[in-house]
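These notes open a run of structures that come right after.
First subunit A sits with subunit B, and in the next complex the same chain sits with subunit C.
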Partner chain A sequence: MANADCIILMGGNMAEAHPVGFQWVSEALAKGAKMIHVDPRFTRTSAVATKHVSIRAGSDVVFLGGLINHMISNELYFHDYVVAFTNAATLVSEDFRDTEDLGGLFSGFDPETGKYDPSTWAYADPAGGTVTGPSGEEHGASASARAAGHEYGSGGPPLEHASVLRDETLQHPRTVFQVLKRHFSRYTPEMVRDMCGISIDDFEYVARTIAESSGRERTTCFGYATGWTQHTLGAQFIRTAAVLQLLMGNVGRPGSGIMALRGHASIQGSTDIPTLFNLLPGYLPMPSVGRHDSYREYVDSIGSKQQKGYWAYAETYVVNLLKAWWGEAATAENDWAYDYLPRLSGAHGTYQTTADMRDGKVEGYFVLGQNPAVGSANGRQQRLAMAQLKWLVVRDLNMIESATWWKDGPEIESGELRTEDIATEVFFMPAATHVEKAGSFTQTQRMLQWRHQAVQPPGQAQSELDFFHELGVRIRARLAGSTDPRDRPLLDLTWDYPPDAHGNPDPEAVLAEINGYVVDDRAPLSAYTEMKADGTTAGGCWIYTGVYADGRNQAARRVPQGGGGVTQSEWGWVWPADRRILYNRASADRDGKPWSERKAYMSWDDAQGRWVGPDNVDFPVDKHPHARPDPSLGGAEGLAGDDPFVMQADGKGWLYTPKGLVDGPLPAHYEAAESPVRNALYAQQQAPARVLLARSDNMEAPSAGEPGADVYPYVFTTYRLTEHHTAGGMSRWSPYLAELQPEMFCEVSPELAAERGLVNGGWATIVSPRAAIEARVLVTDRIRSLTINGREVQQVGLPYHWGVGSDAVVTGDAANDLLGVMMDPNTQIQESKVASCDVIAGRRPRGADLQRLVASYQQRAGTTPETGTRAVTDPEKEGF
Partner chain B sequence: MAAWSPLEWPVLRQVLTGDRTGRGAAVQSARTRQIESRNATADRVVQSVCPFCAVGCGQKVYVKDDKVVQIEGDPDSPISRGRLCPKGSSSEQLVNNPLRQTKIRYRAPHATEWTDLDRDTAIDMIADRFLAARRHGWQDHDEHGRPLRRTMGIASLGGATLDNEENYLIKKLFTAAGAIQIENQARI
Partner chain C sequence: MEQPPRKGFFTDTSICIGCKACEVACKEWNHNPRDGDLELTGMSYDNTVSLGASTWRHVAFVEQGRDAIAAARTSGRALVSLGMPSVGAPASAVPAPDVAPPDTPEFRWLMASDVCKHCTHAGCLDVCPTGALFRTEFGTVVIQPDVCNGCGTCVAGCPFGVVERRSDGTAAPTYREGHRKGEQPPVPKRGVAQKCTLCYDRLLDDETPACAKTCPTTSIKFGDHTSMVASARERVAELHAQGMTEARLYGANELDGVGGTGSVFLLLDEPEVYGLPPDPRVCTADLPTMYKRAGVAMAGMVAAAAVAFWKGR
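Let's turn to the complex of A and B:
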């Protein structure tokens, strides 16, 4: 970021949520860069920005789409980069129909399932027909349920092969470029003004600044946080930025890219090595019943050997994982014990599991350093669900609300639950802090950093590593001698980690297994390219191979400032292959020369016959830029010298996604699940493929155009403060931090305060179809009333750190209780950043009156579980 | 207490000692002159990483008599260059907070209060319940006879605040047991 000429921060508040990372934005500003903050609120990020642009929450695709249209219409895109490195020239199937052809949907929508069949979105095949996935096309209903979008954390979606039709003049009407141009043509500055509440002057300023800060000599960088992810359209928000960045040539170069500003110490690591239902380590999918019944079906569908790049070797990564887990029991004859893996049959995400829990289908629940009673959407549903468990294990540092809801939760106070009636057994297991155990975190730039252990955990506290290792030992001991085939996966599991001085498993031995090794002599692998698919190597997470190269913990490297090089490469270890900038072959032009002296990074050296520069090149190191091998060779051999996107099946950056996203090959703006605004772009109001959980404990507010929408007339959004951390489990128990931010509050504009009689410092009650909470009122012009489609829209800002309990230093009502669970179909992430509410002056009712207030609003609005569940707004316009 | 001397007037002392910023000798008293930094007396310094957000700031953990006495930013880190935010700066309190739980607590069905358990008993109880829930929620096949080999009886949430090595063992153990409803903050 420090090397950027322009930084656009959207969907986040970096100065307050990532203050120390923000120093690199400050460095860029000091070097003369511009920084623009686009956010509903004026925050400390805005305060130091070159410009703050106030935007209506949830309208980001309109704004970014407007920028794309501006760059294409005015020919401001980076032509040479776009032609050489993106799929702009690639031809799309004749059967594809855009939102422009229909009423706002793409071709292939299936009203039965409420999801898309994406087969018409595919590339045209030179041999006729389309380029499908390796096992044909997967229907969106299946892909969405297994949150398949999540699988592209390390590489793009697979294609059956990489032979495509290209027109590098970009004139053919079916080129991606022409499709893109037509699709975004209605995203005009006027539309941005009417839907986002952004003036045409401000829009033009942003467009001009990005255009001037992109191209050969300059680069623009984006940064985002959960203000982009937590939407029913979240993946498409980020896609829109990716399309813009590819058009402007801002990927794979110094000071370019899109930075995900993630919020937990190892949230990146826990996605790479996923404690997630739909993934196995290294972004391999969990097998699904009916789709992956046999090993062959599984490996053939996840990647094709005829596609380009390193995902062609997906089978190798699978074999190494299975070999690492089941050792000698994993053989070629039994398909590497593939059948030991359990199968998915739909969505098993945390919210579907919560609903199952509430319905009595889940017996036991582990909650590990997380506080769902406060931190998950629709907190009441979370707590009522936990009250149906047989047993609950909470492992944390402090006595969080997720461990005490049975005696001091909001439902005890309201009388909905009675402690004596709750049959759930609760185990609270004290956890070790980060200094009481050794291990690695993966931070937001994919860097693994090792923490050394400073002291032993106090009292009965222990780390997750020790606890789960010990639990595994005891479970295996209880099953010893079992002849039941279902116990084989546990009994055959490799679980023999050498003990440290205190008898606990040595975390470095676990890291060595993750890294991978030669089976015969346990020699560590140094790169994933050394992995074999024949059982002679094993490794738990292929993208992490190299972190234990030479038998040395590379994540523990701590040369001050990372050494003298510009990449500071002697500090920590970055996946994959210790590359600091991904896709960095794109930092040189088609001929392998730097785009400019100013932005030089990696380049081709003819004399040496290899790529050179300060980083490890993200490309076959000796492949000439003019190499044009037969694409049907597949794998690294199939990559042309101008295919920098080595994890994409065709080697190109995707302006258009022929497959992989389940809600459209291009971003299109739809309103949030709950919105007081009519969609002016299309007849379609909400994201058609959004995932709903229609239940009486998860009701939705009516949207604009539906009766009752005026009962919840305001838009609210949630956010973090500098002094607290998520649901407060690590901050509300700290007297220092509690003193700095003691109390829940809401930010409202002076106009809204006048409308509802709110007084600064007084109390307000915020009501949604799920809950009513109270908060202190902060009247401020940092949050502005916006003119949308000619009418005023008021937004309410709510920090979400407080919860109701009795153990923390500070408590308060939880903003997340207000949220419903409406999800993005690619990722199954809930929409937290925009929803509808009402605000009234004064404190909320106590006892049973609280639920009465919520119910009276629901009745006035006429809300039922069916409200807001219609997939297609105007079926006639879509041709149904 | 000694009689107050006009020479002790801080402004005068600041002038006399040349302490221009007023952060050195001019603001010291007899007592503060004797105070030694906790960092200076630490037995050892351990390099670590901040446990809050995903920036990954370097931390130096100062330990004396096997107790953490202070946690500060690590100036060697190319990511953070010694800086910490308010949360990172409060890390010492995260470790030494008197409100922190260091005992296992157990709430029996319908009970109104916690009771204590030793660790051995607690892990044994959890292992028994784990296997029972696994058995009760077990599904061998779906309605078409296709393999499922899983249990729907056990769920888990958490991991974004844990180590890679911990997530690895959690995913490995749960998957081998057939538990699939394993989730963390990355979904949220």
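Let's turn to the complex of A and C:
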């Protein structure tokens, strides 16, 4: 980021939520870069931005789509990069129909399941027909249920092979480029003005700045956070930025890219080595019943051996993982103990599990490193669900609300729950803090940084490693001698970590296992390319191989300034292969020469016959830029010298996604699940493939055009402040942080304050179809009333750090109680950034009157569990 | 031992992101308790309000509309013509950045981390009757809590309102046996005057003060006072060259009423906007004149008495 000429921060509030990482933005600014912050609020990021642009929450695809249209129609895109490195020239199937042809939907929509059959989106096959996946096309309903979008954390989806039709003149009507051009033609500056509330002047300023800061000599970088992910079409928000960045040649070069600003110290680590229901380490999918019944079906579906790049070796990564977990019990004869892995039988994300819990289908629950009573959407549903459990284990630093809701939660006060009626047995286990344990954090840049233990944890507090190791030891002791085959996976686990000086498992031994080793002599592997699929090597997470190269903890490197080079290569370790910039072959042109002196990074050296530069090249190091092997060779051999996107099945950056997304091959703007605004782009109002949990404890507000929409007339958005950490478990118990933001508040514009009689410093009650909460009022010009389609739209800002309890230094109502659970079908992430509410002056009712207030709003709006659940808005216009 | 050079801060508010890490790091290092009553002030994101006995760094948040911004630019431009560092292009190896003056934005949000000024002529130090206040070898001004008798003279002696007596306090985050987490041991050093020590204990170990060390954007810089003043002058010239005439320095003028301050600031508006006095003056500045006048008066009285006696004879 420090090398960018222009930084666009959007869908995030980097200075406030990532103040330490923001030093790189500060450095870029000091070097003369521009930074534009596009956000519904004027935040601490806007305060130091070159320019702040106010946008209506949830309309980002319109704005970014407008930029794409602007760059294409004014021929401002980076032509040579686009032709050489992206799939712009690739031909799409004859059967594909765009939203332009179908009134707002793509071809393949199935109104029965509310999901797409993506088969018509595929590339055209030179041999006729389409290029499908290695095991055919998976229907969107099944892909969505396992949140398959998460699999692409380290590369694209598989294709059966990499032979495609290309027209590098970009003129063929079925080239991706022409499809893209038609698709975004309706995203005009006027549409941006009417849907986003952004003036044409401001739009043109941003377009001009990006265009001037892209191309051979300059690069533009994007940064986003949960302001993009937490929407019913969140993945498509990011896709729109990816399309724009590829068009402008801003991927794989210094100061380019799209930075996912991760929200916690190691949230990147927790997707790499996942805490998600649907993933195994290194972005291998969790097997599903029916789809992955045999080992062969499973490995074939992850990556085809005929596709290009390093996902063609998926089987190697699977074998190494199974070998690391089950050691000698994993053999070629038993398919490396593949059948020890559990199988998914449907969507088991946090929200479906909560619904099942509430319905009595879940007995026990571990709450670790989270505070769902405060931090999850629809908090009341969360707490009522936990009240149905037999047992609940909470491991945390403090006695968080998720551990005390049974005695001091909002439902106890309202009388909905009585402590003596709750049968849940709650265990609280004190957790060690980050200074009381050693281990690694993986941050936004995919960098692992090792922390050493400073002090022993106090009292009974334990690290996660110690806790789970001991839990495993105890369970295995209980099962010892069992002959039941269902106990084999536990009994055969490699569970032999050497103890440290305090008798706890040595965290470096775990890192060595993750890194991988030769089975015979435990010699550490230094690169994932050394992994074998024959059981002679084992490794817990293939993308992390190299972090323990030479038997040395590479993540613990801490040479000041990273050693002085531009890549700061002696600080920490970056996956994969300690590569600081991904896809960096794209930093050189088709012939392997730097695009410009100013942005030189990796380049081909004819004399040495290899790629050279300050980084580890993200490409076969000795592959000539003019190499044009037969793509059917597959794997790294199949990559052409101009295929920089080595984790994509065809080696190209995808402007158009023929496969992998379940809600469309191109981004299209739809309104949030709850919105007071009609979609002016298409007849389709909401994201058609969004995931809903239609239940009486998760009601939805009517949207624009439906009766009752004016009962919840305002848009609210939730967010974080610098002073607190997420649901407050680490900050509301610290007096130093608590005093800096002591009370829950809402931020409103002076116009809304006048409309509802709110005064600065006074109280307001915010009502949604799920809950009503109270907050102190900040009336501020930082929140703007926006003119959308000729009508004023008011937005309400709500930080979500406070919760109702009695143990923290500061407490308050939880903003997330207001949210419903409506989710993105690719990722199963909830829409927390846009929802509908009403605001009234004064404090909320107490006791049973609180639920009466919520119910009276629901009645006035005519809300039922069916409200807002229609998949197709206007079947006639949309061809059904 | 050789006298080390005078140390100080340069706080560049133009790159402050208001994260308040300086406030927290200061409290943690100095074991200062929480203060305030844990209520929202309604003053933008400022819930600390001012410097005090337990708050030695304070971040101010000021929200301004177009008119206030235009006024700040105009008043800044007037200062430039009054002999503030002149407008000139900054030396830079970066390809020519766009230096066209930005349009006056519709809105801005100023953030500024305030701290003890460690004045060249320190009023607090001058008036302290017990010798609890002293000037360190680093040219900073520090209170010795074990010497202070809590008389409070220094509180009135500070032209910036920095010094305060700690009358009460509540909590500091530590974990002790017998204490609930978040609930704290008794507050130390009650009743005595307190203020920033410029981390005297850290300076002795050649360490950067906690606030500067933690600042993620280098808004708070620490170093030799002369080089701090020099970089402050460079920075203000750079901003002027970009058309930001609202930028001005505070405390960098050794001819001001306190002889210049050890902590210099780059501000983007009049000092009053940030709650700083526009023309601070050490309370003892007038002592010589006062002594002179008192002397004249005394001489007059002596003379009058003498005359009275002489006449009475």
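We adopt the following convention: the second predicted complex is superposed on the first by the 880 of 880 C-alpha atoms of A that agree within 3 Å, B and C clash if a C-alpha of one lies under 4 Å from a C-alpha of the other, contacts with A are read in each partner's own complex, and residues count from 1 in each chain.
Here, a residue touches a chain if its C-beta (ideal position, glycine included) is under 8 Å from a C-beta of that chain, and two chains touch if they have at least 3 such contacts.
This one's a predicted model, so the numbers in the text were calculated from it and none came from an experiment.
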Item to check | When subunit B and subunit C are modelled together on subunit A, clash or fit | outcome: clash
Checklist entry - So, A:782: does it touch subunit B (first), subunit C (second), both, or neither? => result second
Checklist entry - Who does A:674 touch here: subunit B (first), subunit C (second), both, or neither? => result neither
Next on the checklist: Quick check for you: in the superposed arrangement, does A:421 touch first (subunit B), second (subunit C), both or neither?
Outcome noted: first
Next on the checklist: On the A-aligned overlay, A:315 touches which partner chain: subunit B = first, subunit C = second, or both, or neither?
Outcome noted: neither
Checklist entry - What is the contact status of A:42 with respect to subunit B (first) and subunit C (second): first, second, both, or neither? => result second
Next on the checklist: Contact-wise, after the overlay, does A:23 reach subunit B, subunit C, both or neither (first, second, both, neither)?
Outcome noted: both
Next on the checklist: With both complexes superposed on chain A, which partner does A:831 reach: first (subunit B), second (subunit C), both or neither?
Outcome noted: neither
Next on the checklist: Looking at A:15 after the superposition, I want to know if it touches subunit B, subunit C, both of them or none. Which is it: first, second, both, neither?
Outcome noted: second
Checklist entry - Who does A:398 touch here: subunit B (first), subunit C (second), both, or neither? => result both
Next on the checklist: After superposing on the shared chain, does subunit C or subunit B touch more subunit A residues?
Outcome noted: B
Item to check | Contacts on subunit A seen with subunit B and repeated with subunit C across the two complexes | outcome: 19-20, 23, 397-398, 458, 722-723, 733-737, 740, 807-809
Checklist entry - Can you list the subunit B residues touching subunit A in their complex? => result 44, 46-58, 61, 63, 66-68, 71, 75-81, 83-91, 93-95, 97, 99-110, 112-114, 117-119, 122-133, 136-138, 140, 142, 144, 146-173, 175-188
Checklist entry - Can you list the residues on subunit A that touch subunit C in the complex? => result 15-16, 19-20, 22-23, 26, 29-34, 42, 44-48, 50-52, 397-398, 458, 598, 721-723, 733-743, 745, 760-761, 776-778, 780-782, 807-810
Checklist entry - Which of the residues in subunit C end up touching subunit A in this complex? => result 14-21, 23-24, 27-28, 33-36, 38-42, 44-45, 47-48, 63, 65, 92, 94-95, 97-98, 102, 105, 107-111, 170-173, 175, 181-182, 184, 216-218
